[in-house]
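Working notes for the structure below.
Every chain is named by a letter (A, B and C) in the order it is written, and numbering of its residues begins at 1.
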C-alpha cells in the first residue's frame, strides 16, 4: 500500500525534478500531440459556433478526407492534384450533408442533431471503407521526420511543422471570422439563427460554407495525423478524444480548442510517463476524460465557453 | 373493425392507468407471451436461439435501462458498456467466491453493484448537463474498461484476461456453463426481460417516472415545483445501471459464456444507444422493438442477399451494415424522431379506424 | 382576510445582476387569503420579485419571512415549494413531453409518500396512493374545466389552455401561497373572464392566497384586494386598487391619463 502511495505522490515529482531535460521532452511531445487534437477540435468548434450542431462525424471526416487523398495518390495522381480534388470532395460532402441531413432536421433540438451526426459517422465510415478499402495506408507528403536539438531536448521536425500548420490555420480562421463579411455573417448565425435569416443572411449558404471549411480543416488534420501514424480507422476514434478537449476549451471558442488540446496533450503524456507505471499503464485511455469530468465539476462550461443563462 | 374500443369503458382510474387498457391489446400480449414461452422453444433451432433470440433479449434489457436514463430522465449516457461490464464482473466474482449462492440471486445482486457505480458516475449530473454529461459518462466507460483490464483480481488472475461463467444450476436444471441448453438459457433471459420490463413500466407510470420526465423536459421548472433534482437524477442513474448491470451479467452467463472487456467497449454503448433512438426514446415497448431491429438487421443483411442469389463477401457486408445503419438513423430522425414505437402507435391508430380512413 | 396575519413578508430586498439593479429596498407583505396584484412597467422587477419569493433568485440583502419563519439565505427552490409556495410562469413552463394529466400529477409530487420499491411493484400501497392522487387531480381538472384535454400532450395545446394547465399544476400542490406571473397574457376577453373567475374561485373555495403580476388594469381593478406598484426596482405605491389608481406617481410612471 505504501508503495502505491509513494508511487503516486512522491516518485513522479522526484523523477520530474531530477530529469528536467527528459521532462521537457515529454512536455514537448505532449504539446505536439495536443496540437493534433486541437486541429480536430477546431472543426467541431467551427460547426458548433455556426450551426449549434455538435458534429460527431468530425473525426470520421478527418479519416474520410485523408482516405480520399491517399486513395487518389495511390491511383497515381500527383500530390497537388490530389489535394485539390480532396478539397473538392470535402466541399461536395458539405453540400450533401446540408441537403440530406441539416435541412430536413432544421428545427429539431440539438440532441436530435447530435444523434444524426452519429448516424452520419457510421455512414461515412462505411462509405469510406467501401470505396477506399480498409487496410492501413501510408501517407507520404514529404515532410521530414528527423529530430534536432533545442536547449538539450530532442524535438521532432515533423511535429514542429504540424504545430506551425495549426498556428497558420488558426490565424487564417480568426482573420476570416473577424475581418470578412462572411465571418460576420457566421457570427450572426451562431448567435441567433432566426434573427440572422430575418436580416437576410442565407442560412443554407452559411451552413454549406461552414461545413466546407470544417471539411478542409479535417483534411489538414487528416494529413497531419495520417503522415504521422498512417491512415487507418482508429483515426475516427479521435472524435471521442476531441470531446475532453472541447470540454476544457469550451465548445464555442477557437482559442479554447487550441488551449484545450494542448492541456489534454501534455496532461495525457505526463500522466502516462510518470504515473502510468505505478498503476498499470495505458492511462491514456481514460485520463483525458476523467480530467475533463473533474474540470466540469468546477467550470461546467469549460475554460472559454459561454455560460448559458436559463430564464424561466 | 377488429380493433374497436367501443363498449370498453374505463370505469375506474385503475383501469385507465393500466398497462394495456384495451382488451385487444391484452389478448395480443397474452398471445405473444404464450408463443414466447411455449411455441418458440419448440420450433426454434439452436442457431436461432443462441445467436439471435438470446442476445436480443439481453440487449433489450440493456436498452430498457438506457432508455430509462436517457429517454425518460433525459440524461445522455455513453457509458452503457461500462455499466454492463460492472454487472458481468461483479457476478463473476461473486459466484466464484461464493459458489453456493443461488445463481439467480447472484445475477440480481450484480445489478446492485452496477447501480452503486452508476450513482458515483451520476454525481456530476447535478452540475453538468447534456453533452457535457455524456463526456462524464465516457469517462466512466473508458475508466471501467481499463479497470477490468488492468486489475487482475477482477478476472481471478487468469492469464488470458477473460472471465468464464462457471456451470450453475437452478432447481436442478443447468442454467449456465457449457451444458446449459439454449432453450433453458432462452427461457431464463425471457423471464428476466419480462419481469424487468414490467417493473420499468410500473416506474414510468408512477410518480417516479413523472419526476424523471419533468427533469428531462424542464429541470428548472421541475425544481421549482418541488422535485429534488439530485435524488431524481441519481435514482435514474441507479435504476438504469442496475438494468445494464444485470444485462451484462446475463451476457456473460447466458449468452457468451466467456467474455473479455472487448464485449463491453464503447461500440456496445453506441449500439444500445441506437436501439433506444430507433426504437423510441421514452418508450418501454420502443426499447424492445429497437433491440429487435438492431439484433435482427445484421442477420437480415447477411442472409438476404443469399436469398436473392447474390453472394456478398463478409467485409462488404459489414461495410453495408454500417452504411445502412447510419443512413437509417438519419432517416428515422427525419421521419419519426420518436422512433419505431411511435410508428407502431400511429399504426394502431390507423387500425382502430380501419376500414375507415378517418 | 385577516389584516393582522401576513403569511409572507419580504423586507428590504436588494437584487442585482452584475451592474443591473433589479430591486432596491423593496418590502411587501402578503396577507392570508388576499389577492395581491403587482403592477408596473416592463423591467420594473416584478418577475424578479416573484423569483425572490420563490427562492429562484437570492437577494443580495433583505430577508423573507414565510409563515412566521425567516428563510435561510441559501434555500433551494424545491425547499420553498415544500414549504407551500407554488407558481406559474410568464413563458409557460410546462413539461412538453407529457400529457395534461401527467403535468398536473407532477404537481402532486410533494404529497407522494410511497417509495421506489412500492412504485416498482405498483401494487398495494403505491397503487392506492396513485389512485388517491389521481382523484385529487381530477378535482383540479374539473375545477378548471379541462376534462377534454386530459390526455393531450401539452405541447399540442393552444396557449390559453396551456396557461390553464399550468395553473392546474400549481393548484394540485395545494399551496398556501400561489404566485401567478401574467396569467392572462395573450388571452382574449372570454379567456380572461374565465381565468379571473378561476382565480376568484381559488380564493373563495380553496382559501389560497394569490400574488399575481398583471398588465390588464381592468382585471387588476376587478379581482385584486390590494395592489403594489413597482417602477425601476422600487416600490412606488401600495394600497387598494382605487387608491393606487388615483396615485399621481403611479399615473406618471405607468397608468397615464385618459385623454378625452
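The definition used in the following text is that a contact is a pair of C-beta atoms (placed from the backbone, for glycine too) under 8 Å apart; a residue touches a chain by one contact, two chains touch by 3 or more.
As the structure is a computational prediction, the values presented were derived from the model and not from experiment.
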Relative to subunit C, the most remote chain by C-alpha centroid is chain A
Averaging each chain's Cα atoms, the one nearest the global Cα mean turns out to be B
By count of C-beta pairs in contact, the leading pair of chains: A-B
Distance from the CA centroid of subunit A to that of subunit C, rounded to the nearest Å? 48
If you average the CA atoms of subunit A and of subunit B, how many Å lie between those two points? 33
Expressed in whole Å, how far the mean CA point of subunit B lies from that of subunit C is 42
Tell me, which residues of subunit C touch at least two other chains? 56, 89, 93
Where in subunit B do residues touch two or more of the other chains? 220-221, 224
Can you list every residue of subunit A that touches 2 or more other chains, as numbers and ranges? 312
Residue numbers on subunit B that touch subunit A, as the complex places them: 76, 124, 127-132, 134-136, 138-139, 142-143, 145-146, 149-151, 220-221, 224, 266, 270, 273, 277, 315-316, 319-330, 333-334, 337
Applying the document's contact rule, which stretches of subunit B touch subunit C when the two form their complex? 12-14, 17, 199, 202-203, 205-208, 210-211, 213-214, 216-218, 220-229, 235, 282
Residues of subunit C that touch subunit B when the two form their complex: 54, 56, 76-78, 80-82, 86-87, 89, 93-98, 102, 105-110, 112, 114, 116, 119-122, 126-127, 130-131, 133-135, 138, 169-170, 173
Which residues, counting only subunit A, touch subunit B once they are in their complex? 54, 100-101, 104-105, 108, 110-112, 114-116, 118-127, 129-130, 134, 240, 243-244, 247, 251, 279-283, 285-286, 289-290, 292-293, 296-297, 300-301, 310, 312
